[in-house]
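Step one of this worksheet: look at the structure below.
Order as written gives the chain letters A, B and C; numbering starts at 1 within each chain.
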Amino acid sequence: MVDVSKLRETAREIISREDVRELIGYRAGTYGFRARPAFVYDPGEVDQLIFNPACVNNLATYITLEEKLPVPRGQEPDLRKVAVMVKGCDSRALVQQMAENAYERDRILVIGIPCTGVVDMDKVQARFPDVLGPGEISLEGDKFVLIFDGRREEIPKEELLADKCKRCRFPTPLVYDVLLDEEVAPFATDDYSDVEALESRSQDEKWAYWEEKFSRCIRCYSCRNVCPMCYCNDCILDRLRPQWIRRSVDISENTAFHIARAYHLAGRCIQCGECQRVCPVEIPLMELNRKLYKDVEELYDFEPGVKVDAPPLLSSYRPDDPEDFIL
Amino acid sequence: MAAKKLSKEKVGEVLQELSKFRLITPVKSDDVVLFREIADPKEAFLEYGNSTVPPKKVVFPQTETLFRFTIGNPELREKNVEEEGTTVIFGLRPCDARAMSIVDKLFSWDYEDPYYLKRRELTTLVGMTCVQPPSINCFCTSLQGSPFGKDGLDVLLVDMGDHFLFQPLTEKGARMEETLASYLEDASPGDVERASSMEEEAKGKIVRSIDPQGIAEKLPSLWEDPLWKRVSDACLGCGICTFLCPTCHCFDMQDEVERGEGRRARMWDSCMFCEYTLHASGHNPRPTRKERTRNRISHKYSYYPKRFDVIACVGCGRCISLCPVNIDILEILEQVVEA
Amino acid sequence: MKNPYIPYEAKILEAWYETPGDRCIKTFKVTFADDKVWETWSHRPGQCAMVGIPGVGESMFCISSSPTEKGYLRFSIMKVGKNTTAIHELEAGDTIYVRGPLGNWFPMDEWKGKNVVTIGGGIGQAPLRPVIQYIRDNRDDYGELTVIYGARTSADHCFKDEFQDMMACGDCCCHLAVDVEEENWPHFVGFVPQLLMEVSPSPENTIAVTCGPPIMIKFVLKNLEKLGFTPDQIYTTLENRMKCGIGKCGRCNVGHIYICKDGPVFSYEQIKDIPEAFA
């Protein structure tokens, strides 16, 4: 577990640096056991920073989310670094962003958090729906300990652990300038059994399954906006000329949207699972992304978000690329 | 109009009876509760907290046709909402019904919106009280609402445990009572009094609150306040808070053509989307999430009350519970009060 | 009541280019396909209409003709986006759709007996044109009419012939400007706010109306105040992205005001304290 006082001290040093503009970390949420992104601009603000298993957000998203406004005449662009706290899974987003030349390595200062797993907040909420909080979650051995309203509850780790953590192979960040704790050894493997279960279904079963899911989609685009790899300045979803995907919300356009998004993430999705976490109507988007992740791995022996200097899969050509699936 | 008793065993039969209309109830899609048209009373899922997507979508569909046309033919064929037929929304929560009564003001202000208003006219709202708050983030009681609220409803079903107290509230409600007469019994003596003490008890279970007094007047004075940057730093710019808000009503209009057959349609839009206010010239008067967040809060708590004398928020808590980054309208409002 | 979302079918009587370039401006003179529409149609200077093509979409434009010009409506449209590009493809004889009139108008009745100064820049002259035309067609009802107009170059001037006519006719004072020096330009060289100071109209019993790019409006407002105009003597029009045009769809608001319904015409007095009006 990351020591909070060490975290704050490190953050204080970093935000005090002249070449650092802001620091993105976590702070306590407004209700229940939530944690949420924190934006720190001043050393005086570091004492709000925390890290615990409720810190689910992938903060790498914010590196590419910021609107780039024209610099007013007579002013210099602010080129100072953005410091960002990342867990192992989140760090892969930074790696992939940089592999795609989204920005230069020296634009960011990475505070790595070796991670022992985060909770699935829906599972916590379902168990303790009436907790206004603030409640605290920590991991002690193989149990999550929840402290709230003067009570202490111990819950076996696997009952609250987020699904993505159950197959995490990269708990320690792959890129960092500062590491806040000892490296954590991979504690799980990924056997893709969920994807294989999906693959084994008949076409009709698959369609019935996804039709129900996609029919719920309200096209709030939270999956796109939260995704650290969805950072195109001009997303095809917003385009009117030409309009690739209509704004009307129906099963046909919704399907087109999700399929298009999954394909745009092929060889790029780093499995942080944020899209599925934020979906208000619980569309299991990671099933699509993981299917493509598995295909990419099998077809090209490629894993995104692991090496900064690896050329992005689908924008590079190799003479020995397999092509037998092309009609 | 006297209150009646509807025993819970008869709800299935009541839904069967109502299925002669377009009947819409909460249903479960996997683990998500949504309002959908049902054909079989068994599909109804009434043991729910509140739906993820509010029932506003019944009277204000996420996508709807305004008129159709054929390329090359100048005739425009107006969509006839009447064809959708008499509709009953059964089992919605008081906050969502109250939201409709708030949005009614917008759609009937000055120009009447024929699509929305026709659908409202065709729709009877049968609400169900919240004995338990559906969410920790409920705060309806701060905004003149109540877990037993009647605003906007035609019938209120007060959950008395083993039965409902059936309270018709409007002419449509009285017609509903006639339709369902054979399933209703006389209310037990004391039920009405018991319902009002239950209402107080239910109100007491709501733990979050805000005092909206003075916020409408204060908001414009905080235009340049640093709080807007602070509260929107984490915003992802997605449409969850607006699409899932029962009072948000903004829409886009788009033409769609396929093989010569076209329609002009409208679909929900969100003031949190970057292209919402983007001019064709490329200029955007709300260029960042800061301006968009400020507009969302100001619209609900200042602009709307200024025009329509009512805050465009019913305290359902969806925008808080479903925000991916825990942006919390109550916290923002507290900061407004303190600023 | 008529469904406010259904536009009227109209025919283009004439169409011509006002200005060249990527963002060229084309004027369309249109009349309703069904003559009966004219029996119920009445618009006033400053009002707008949605103009569009089913299958493409519609956008809000000011009606650039005065109600005193009978039998047709004029729209002067700059080619900037999806809808305007499609509209620019149309020529005389083609069908176009018009929904309106929408929004409020310049209080021409209140202004009777007063002097009027219009200060326009670029395509911003389009909403001022009906004001000028209305006054010229009801000349005795108003005092002096001063027209101040500028654009980047003389080729970028809209309504060129009409300015020549005004200068020749003598029923108003017309002052033209180009931003930068060009050959054979006999008039003012410089920006519109500078020309305004040059002309220096008296605020006495005078209304000033200004439309143009936001940066021009900003300096025109400053200069009008310097000249002694009070906010209630100054009028302008606002614009924003619009969809419904009837105060429902939400997006055109500045503060609590819906530009489509409460505007586009505002006195400076009404909007000076709404920061978003100048965003």
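Everything below uses one rule, namely that a contact is a pair of C-beta atoms (placed from the backbone, for glycine too) under 8 Å apart; a residue touches a chain by one contact, two chains touch by 3 or more.
Keep in mind that what you see is a predicted model, and the values were worked out from it rather than measured.
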| item | value |
| --- | --- |
| By mean Cα position, the chain sitting nearest the middle | B |
| Most widely separated chain from subunit A, with each centre as the mean of CA atoms | C |
| Gap in Å, rounded to a whole number, between the CA centres of subunit C and subunit B | 39 |
| Distance from subunit B to subunit A - Cα centre to Cα centre, in angstrom | 31 |
| Inter-centroid spacing, subunit C versus subunit A (mean Cα positions, whole Å) | 49 |
| Numbers and ranges of subunit B residues touching at least 2 other chains | 252, 254 |
| Shared-contact residues (touching 2 or more other chains) in subunit C | 81-82 |
| Complex contact set, residues of subunit B against subunit C | 66-67, 69, 71, 74, 76, 78, 106-107, 109-115, 220, 223-224, 249-255, 257, 262, 264, 266, 269, 271, 276-281, 283, 285-286, 291, 295, 298-299, 302-303, 306-307 |
| Residue numbers on subunit A that touch subunit B, as the complex places them | 29-32, 34-39, 57, 61-62, 65, 67, 69, 129-132, 212-213, 215-216, 218-222, 224-226, 238, 246-250, 274, 277-278, 280-282 |
| Contact set on subunit B toward subunit A in their complex | 29-32, 34, 52-53, 62-63, 135-137, 207-208, 230, 233-234, 236-240, 243-244, 252, 254, 256, 265, 267-268, 270, 273-275, 287-289, 320, 322, 324-328, 330-331 |
| Parts of subunit C lying in touch with subunit B, wherever the complex brings them together | 1, 3-7, 9, 33, 54-59, 80-84, 95, 97, 214, 239-241, 243-244, 246-251, 253-256, 261, 274-276, 279 |
